[in-house]
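Below, each structure is written out as structure tokens.
In the two complexes below, subunit A is the common chain; its partner is subunit B in one and subunit C in the other.
On to the complex of A and B.
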């Protein structure tokens, strides 16, 4: 029973945490690709920017959340989403739009986005410093320990407050996006433009508006992912940057240009990572008596060491590109 | 008797092409409201190119195009939709992953208040589309796709509908159906300018026919007169 609790804490919860963050990041990447047809590598730093905005706002008004009973950082999230959405629209106006107007190949935009990554990361570092800072400035991070009502269950299931916010906000964001894409006039126009940009234009859809809306959604989602990630651990200027690979892996695994695929891909990559570093010895140990005597369980039975976690998305990425390059949901091939 | 109203479309000496190379070398075309105009001619004559020039998809280097007397050359397509033009391209003429109904809704993007009323009209006009309204348009047959494409363009209630080879690749059965629909749309007061490979059938329903060759007008007359003209028949209609 305690082994099961260990499994829930280390795989189910932690896989859902990374999965949610990858999913929200990957939706942004996939939406940008489906409308503008390029891989936006500065996406992770837009996440960092969102978290940094929350940090600034929380430092400025540390006690704002206490009266409402929520962490100040969560209260500041909508404002940070707005700021990050504006940043995304601004970056597009200054850097990507002039390139598109020249009719450049997608790879030029990709390289341009690498430049934007360096600019953003440098600017954030300049103001935030390089160290880690908690987004819990004036409030305390609650940790919930749920004891299981079973005999012999000594260890509780441990969930932290930011993880609960993460799950709730992820579900809300995904449902909101689904309704937007399928029910609203602009959302349908976005899907139309992703399907056939020339025909969208011929239908009278203003493609500039759709591009701006796409950046706003991607920016707002990036702020959510970055903030919730920094809440779960601590804010660091390069924290999100290291998620760039798993996020792109998630988008490609799901099928590029397919928002639901991005969600599935995020959870596939998130769970694959946690399952790969999980020490299976813990689950097998109770059965060690029934195993043949010559088979001795090594004390560490993880597929890869935690320090090699980053190879897991690489491996999934290669496997998907070899066996199913369109991804799980039949997306476009980058 | 001289007409006091301005023609629906009046193209004068249109030159244009892609990247500096002219494909159109001075084309003239006049179409009154309520008329069907058909553009025919050999491959590479500039038929589709002319249609694209009218819809702002191609740069006009010289000459002018007037819609109800207003110059419209080189305006972006979304402004032309606003001014009452609808365009049905030959290929890629639907949004494949959107449902039939969503495809139609996109046609009324600029007139969202019309959606309900127009949807009812389009479904009445193309009954098969009503049955398939929830199906992705990419799963439909060629003829049904053409209906979706025409329906989408009609959703904005255009005064001029541009059709680029609406019967290309369709079975004779669907071909006749599409020609019938074009006649009906025109009877409802919509001007039609279409490019067609099936020249004889198209000219039979044309008020005006434009035979192009090498980016210039070769013959311009009523559809019936062109069909009866032995020169046209010999060189362009296969004898």
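On to the complex of A and C.
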């Protein structure tokens, strides 16, 4: 039984954690892709920026959350979302809009977004230093241990407070996005523009508004993902390069331009990562007596070591590009 | 009378019909400024330091030439130059470092070879399983068998490999080198980088151009992770040094002279690459590449095999990057996998290319040397500016500066590179020395 608990802790919970974060990030990437038709490389740095805003606000008002009974960082999240959304709109106005107005190829926008990546990274490192910092400035990270009501299950299932916030906020964000895209006028206009920009413009949709709204949503989602990731581990200014590949893999697996696909893709990539670094020997050990004598299991049966975790999203990316470049859910743009 | 009429009408003059050589004023001015800058660096920083800077700039020029044929000739964006550079550096290290008897003198090479044989056998088995449908096995069953067999065999082989590599690490430190001349390593490094480029290009070049950028970014991080964590092969974070030079080293001739010889050696290589690239650019092959870049549909309608040409040029660029990485690694005389950074080895090269002029080889070399000088000189400048800011902050507001200001000042250069990329794309998308488009009509 203990082995099963170990499996739940190391695969189910941590897979859902990274899956949720990748999913929220991938939604932003896929929305930008479907409206503006380019891969936005600075997305992971917008996530870092959001987390950094939370860090700044939390350091400024460390005791604000205690009165409401939530961690200060979570309380500051809406404010950071707003700041990151305005940053995203500003970046678009300054850097991407002139390029779009010149009618450049999408790949030039990609290079421009790499430039923006470096600008954001430089700014964040300039102001935060290069080390890691915890977002729990004044609060304490609660850890919940759920004991299982079974015979022989001594180890408890461990969930931390930020992970619970992560699951709740992910569900809220996904439902809100679903309602926005399907029920609101703007959301429908956005889907129309993603299907056919010329037709959308001809039928009286203000494409500039749609672009701004897309950036706002992407920025706000990026702030959520970055903050929740930093809450779960620590805030580090160089998170972005390790996040980019899984997020893009998630967006492409789900079918680029397909928000629901991005959610599925995020969880596929997240679970694939945790399953690949999981040591399967733990699950096979209880059966070691019944195995034939010549089969001696090595102590480490993980597919890849944790240091090679980044291979997993890349492998998924390559596999999907070879066998199904449109993604699992048939994205609109390839 | 008729003669004067003809000269008045420019369409009739032979000089105009075949556009003559323009006086290269822009090139002369830019290279003159560059020469003055180099001389200034020599005067201020001393000969040994400045020659070292020039050799590194020359190595970067090879990388930039690799990127300029990918981005400038063919419009393919490679965001993972670092990975190919690291591969070249690794090969230069692996081939030139002396033979490690603590490894070769034991049973370990045999063990390692046995695991490699197991790996080869596993691959044969898996490929065989994937062909089972020809024997009448239903296709879903065949896929299932292949996947399960692949997973199990992978686990078996990888656990065997882990045992052997752990044994190598504990008993011999690391595999050691082959003790061959460095240039063999450079060539193999180029070939290896080309092979990786072929793999990536084969998958991505038929798809949207964004996918190539994502995939190259990923492969660069993977190559770095592999080199950093394979202590049995590269000593990982412990680093390998010194790497022997193909030319007489500093111990025999002193720093300045030995570096000057290395520089002339590199300059010859650049000259050869430059000559060959210019030949290729002006040849029908180069015209075809540019036609594909400028209008894919019409090039395809002319019967050009677009994906094959793209793959060709992508692999060629990767080979140059591997070669440049090898030359740079040997010159540094130190193999440190952690020293390969996306900023120094991908984005700096990108700035060199887009600032110098994508598609223009001379502009690319100019961009490489100029940007590298600015980059090297920006380090003391950034520190100086940061100290100034700190002194001002302390004096004016009583601001208590954090202790890690120096590392932050160096981070500020990231910001400058980013600004440079976005500004060049916005205001000078063709670079300082734009590609000269000849009209053939």
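As a working rule, the second predicted complex is superposed on the first by the 329 of 334 C-alpha atoms of A that agree within 3 Å, B and C clash if a C-alpha of one lies under 4 Å from a C-alpha of the other, contacts with A are read in each partner's own complex, and residues count from 1 in each chain.
Keep in mind that, in the parts below, a residue touches a chain if its C-beta (ideal position, glycine included) is under 8 Å from a C-beta of that chain, and two chains touch if they have at least 3 such contacts.
All figures in this text were calculated on a predicted structure; none of them were measured in a lab.
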item: Touch count on subunit A, higher of subunit B and subunit C; value: C
item: Touched partner set for A:114, first subunit B, second subunit C, both or neither; value: second
item: Partner chain in contact with A:205 - subunit B first, subunit C second, else both or neither; value: first
item: Touched partner set for A:185, first subunit B, second subunit C, both or neither; value: first
item: Partner chain(s) touched by A:101 [first = subunit B, second = subunit C, both, neither]; value: neither
item: Residues of subunit A contacting subunit B in one complex and subunit C in the other; value: none
item: Residue ranges of subunit A touching subunit C (in the complex, touch as defined); value: 38-39, 41, 95, 98-99, 102, 104-108, 110-112, 114-123, 125-126, 129-131, 241-242, 244-245, 248, 252, 280, 298, 300-301, 303, 305, 307-308, 310-311, 313-314, 317-318, 321-322, 325, 333-334
item: Subunit B contact footprint on subunit A (complex, rising order); value: 185, 188-189, 191-192, 194-196, 198-206
item: Subunit B residues within the subunit A interface of the complex; value: 55, 57, 76-78, 81-82, 87, 89, 92-98, 102-103, 105-107, 109-110, 112, 152, 156
item: Contacting residues of subunit C [partner subunit A, same complex]; value: 75, 77, 79, 151, 154-155, 158-159, 162-163, 203-204, 207-211, 213-215, 217-219, 221-222, 225-226, 228-229, 342-343, 347, 350, 354, 402, 404, 407-408, 411-422, 425-426, 429
